[in-house]
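You will see two complexes here that share chain A, one where it goes with chain B and one where it goes with chain C.
Showing the complex of A and B:
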């Protein structure tokens, strides 16, 4: 095999609509380049930060750096960026998304231009960088480190959620007030960078579109309870692009409506992902292996379909009280309600919101087995995974497995090891008489 | 009505033949190593001969182990996890947890009350916690792998070996030796490190009685003692830990046959090919 030959990493999709996503991904980076050329502001940003709609309302073009790392892995063009970041002193245990981003920015600075052949044309230099503490700490610190390579003002927004044991009635107002202050601080920063005031009506419109898209996305996932499965997890890992990277736009709404129609048609006509669905698998957690998404098709070759997943559609729709009239207040309320969605259930049962969520999925989606992906460099989704798996084992006896690698760093992946584990997992499912 | 199981591991090929009452008729252990890879068929034929049978008499042959995929004379390929579970369960009906310490990997297997595999864990892509780890260090210390268990039992305490990377551990051992540490104490330290890693990995499944340790690691009395200490109660070992995978493979073959599954086609009496 020639060294420069493109290796296939992607999975065969189950829906036609999911195949439209590749163009949407290309458009993210192309739009950012065009915006820069037209003098529009471009921001490095972190998705699911609860501020996504604010950027849309202020005509700031979002440039999701984590997504770019996943794209590099899918193209198997990550090593030069990972190695550059490591050469600059960043540890191999640091988030590999961050290492790719830092390596890319470092190389661009060193070369004086975007590294040759960067996937989808690479990322332009941003006008600002917007970190976020939602999900994990690298998302907060990454852009501070990036300041070493480029000059762009940084704002890190804190996103908070109370622990499951908290009395929500007692703490709600404090959390919402704090979140509102954080959002207001961000808006003040953005107004300074763009030189214009944020239009609250436009923010309401972006929120309306954002909520609508996420509602349809949720409805699609509810359709996926059907047997046979109409849409597999590998499609989810593509179609999440609309919800996260086009949040607050009509594009996301239209995309999900189209996908909903297709999935509904498949459900109505009992069209499954594969002809003979034997086992229904839950992707229990961990970021997906962007470097080897075809592994989902490998499971399918044994009749095992990943029918639902616990990653990337992190929130179910929530109902913000009608007395909330200000859009910034609405965002603060929505964040609080999203993050506390399973708290009451957890207090009444296992103590863990995540265990409650997984148990609900196992039941609703008629799950036969659970597979987790432990990513060596993603503490947020991997620490606690073994514990959650053990806790889950107290309430269900279905087989579970944990594959270990990384979301983008191929050096942590072993194909032989994975295939051996998958064979054993399939045999465990078979042994249960299905 | 005989059935055969062949387990091609990283260092040894094991074959077991059982009858339809699940009684072992013969077993044989032969080397696998690079220069011996062509011998799998020979190990199989030797075992069949030991059982007083001929190839054609075998109703079903199941291959397991890392070399299972390329066995031209097998009727089915099944993973070591399922085979160890079946083999150990036939020897110890009360087993709930199996710890398999093989040459190239280590595994924890949890069985449900009916003896089915409920869950499992495997070491990641690293030699730590495997027979290979001990083999490399035995070479560094200039002792035989098979003597390590007895040597460790004579130790006064143990020297902490903190590095589980085989290469770095080798350096650490050399440096401990130069500091004057005794070989027995170093070997005991290695057992502590391996047992700690393997038991911790198995804890992910929830450890409960009875625990059976199998694979080459089960031959090491020093290691078994440390594992029992970490588990908190005595652990069981099979009379011949090397062959439990092959035994399980033979029994899985019998299970298939009992369910009406028959060999799909002509068996090719050819040697195992590891590379295309």
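Showing the complex of A and C:
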């Protein structure tokens, strides 16, 4: 960590609508505090767990602990939480989202109140914690560990996806059945916690809103194939808040409609993120460096714009068969179809769904180079990047780079090293004669 | 050759016997962790081979394909595969036990494919629907093995292999019982060699070896009682004697363990059910591993009792008076489990030393001072 590194963490956005997100983030934590005051149930939850609409349908206020870790990093107020977790015995290599969450909960317990000056007012004590195995292991294990600091009923839900080589016809039924059983178990748990039955009509309504928001979000991303790029990745890392933390609400639908209109206007009028777009970059994977998002603007100073990304994106739309009439069945089917979206393509070509997805993005978005972000404490989004880079290299000769730090722990970041790497990357792009 | 010598040879030349069997036409199926039932592979007349790493060799080639923040045990195994040391495997099976193993499976399969490759999805949650799902995954695994081998699984053969592996489990428990004595009749270092030796040979051969070994041990003169600390070891993968030998050299007896390479893979029997797969599925899904989540029970104390209570028997019967955690770095689930388990063990008045290590003999010596200080504290 350099002593003289920039204090600024956020990036200049490309769209006006993305600037509205800051208020939406504040509202997540404010709503949770208000809900607690009004006796409404608040749940620690994990993003992309396929259960968002259920929470909305049951009037449970979601409190995304991972998002809070990212917020602390963007505010450069993470060290006290990281160090507290480490002092409590958690390893410095453990997921830093989890370390921030555990450290925050530990400090709040020790002090008897929310730590002074916590970003956006801090998180209130939840009424329940809902872990899931979607994406990674810490996401179900973390809340179990949190029981050291607070007593709240905890539920863990499996989210399963078959490996790419599986014969989908052989495994489909039991994967969907298991997902349905897991979702039903969650509903049973929530009914017990709230004392009321889930209303299936309300769940259908939340699903309708969730699907609609994600469809518009997908349409926005399709608009982003335009040259020059109308919306950069730093905006994506803001606007994803609506899709992931307001899923199943009209707020998300309205937000994406507004963003769609703005992006469409920019495309129609050829208004780019920067005046002279030379290189179009794909953010190939890894959690974003929340502590240093201005790095996207640094790339832009060389004419390189991140035009699309492969993390925290909404899933591509899928078509659940019309014979599915039950909303819980629908959620199970939708999860299966989302996770297997690129399986057939992979089997017919590279063998890897991710390689197929990235090749599609490289082609559609006229990509000149790919940048990955390896996070030292995130195994789920980092392991495989080197391999994927190497696999992509079999099909494309565009330059690729891997920046290394962490999503929130600044101790793993070196500005000087990044700038040197970026310089070499830009040279490689220049060398290709564009 | 005595059993001790045979074990020594198998420990030092891992893979040698499996290679012989492969060369003789037997199909050898390599697998990771404790969630792939040996019984099923054996019932197909194939040889299950528990994939191991090497703490003595640096990880070099794997670094070009697998990030250094992945579990070093997994990286070491993959490194060996890239160097051709697992070329004798006819099959490669990985359970979705954790993030690293799941992701590495795809990288391994892509760079060093075996004639047969398969991943078993193992539920992280424990409960009735998880049992059903895991059983279905085993059915699918069997279907794939049938396609690969060209033979149908014989249910009677599967029943026989359940009995066979239960015999091995019983013998290993008998061997472990010799560690209850003061001083233990067999050291932690010796036990590790016996277990590692068994990972690469057919169960029948291991059974004979363990039986002979027990007979030899029982013939040893009974040593005088001592007052050295008795250590219970908890953690993940220890397939090398270096760490346990270090603890014992520092002046302690390693008397019991809860490790992926120790009791976790053999302690409980498979129930001999009418449909043998019922017993197999129930046994394997209940493997004690931090990667599996038991539904929360009662208050925190009750929940911890539900999670860790099984260790009480290990501690009381083997009279452990100190616990060392050996966590191979980057194992997120162990890293999250450790502080809870330490709290639980402390509540039983047991001191705990938590060690995070790089799975390398070159760094293990650095732990000596910490171990000595811990042993001094509990002596």
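We adopt the following convention: the second predicted complex is superposed on the first by the 427 of 434 C-alpha atoms of A that agree within 3 Å, B and C clash if a C-alpha of one lies under 4 Å from a C-alpha of the other, contacts with A are read in each partner's own complex, and residues count from 1 in each chain.
Everything below uses one rule, namely that a contact is a pair of C-beta atoms (placed from the backbone, for glycine too) under 8 Å apart; a residue touches a chain by one contact, two chains touch by 3 or more.
Predicted model, so just to flag it, every value in this text is computed and none were measured.
Enquirer: Quick one: is A:124 in contact with chain B, with chain C, with both, or with neither? Answer first, second, both or neither.
Expert: Touch status of A:124: no partner.
Enquirer: What is the contact status of A:148 with respect to chain B (first) and chain C (second): first, second, both, or neither?
Expert: In the superposition, A:148 contacts chain C only.
Enquirer: Identify which of chain B and chain C touches the larger number of residues of chain A.
Expert: Answer, by number of touched residues of chain A: C.
Enquirer: Contacts for A:400 in the overlay, against chain B (first) and chain C (second): which applies, first, second, both or neither?
Expert: In the superposed model, A:400 contacts chain B only, not chain C.
Enquirer: Looking at A:182 after the superposition, I want to know if it touches chain B, chain C, both of them or none. Which is it: first, second, both, neither?
Expert: In the superposed model, A:182 contacts chain C only, not chain B.
Enquirer: Answer with first, second, both or neither: which of chain B and chain C does A:64 touch in the superposed model?
Expert: In the superposed model, A:64 contacts neither chain B nor chain C.
Enquirer: Quick one: classify A:421 as touching chain B (first), chain C (second), both or neither.
Expert: Touch status of A:421: first partner only.
Enquirer: Can A:369 be said to touch chain B (first), chain C (second), both, or neither?
Expert: Neither chain B nor chain C is touched by A:369.
Enquirer: Touch test for A:390: chain B only (first), chain C only (second), both, or neither?
Expert: both
Enquirer: Mind sorting out which residues of chain A both chain B and chain C touch, each in its own complex?
Expert: 386, 390.
Enquirer: In the complex of these two chains, what residues of chain A are touching chain C?
Expert: Residue list for chain A touching chain C: 88-91, 93-95, 98, 131, 133, 136-138, 140-142, 144-145, 147-148, 151, 153-158, 160, 162-166, 170-171, 174-175, 177-178, 181-182, 185, 351-352, 374, 376-377, 379-380, 382-387, 390-391.
Enquirer: Going by the contact rule set out above, which residues of chain A touch chain B in the complex?
Expert: Answer in residue numbers: 386, 389-390, 393, 397, 399-402, 404, 414, 417, 420-421, 423-425, 427-428, 431-432.
Enquirer: For the complex, give me every residue of chain B touching chain A.
Expert: By the definition above, chain B touches chain A via 66, 78-82, 112, 116-122, 124-125, 204, 206.
Enquirer: So in the complex, the part of chain C that touches chain A is made up of which residues?
Expert: Residues in contact with chain A: 64-67, 69-70, 98-100, 103-107, 109-111, 117, 119, 121, 123-125, 127, 129-130, 132-133, 136, 140, 143, 290-291, 293, 295-296, 299-300, 303, 327, 329-330, 332-333, 335-340, 342-343, 354, 356.
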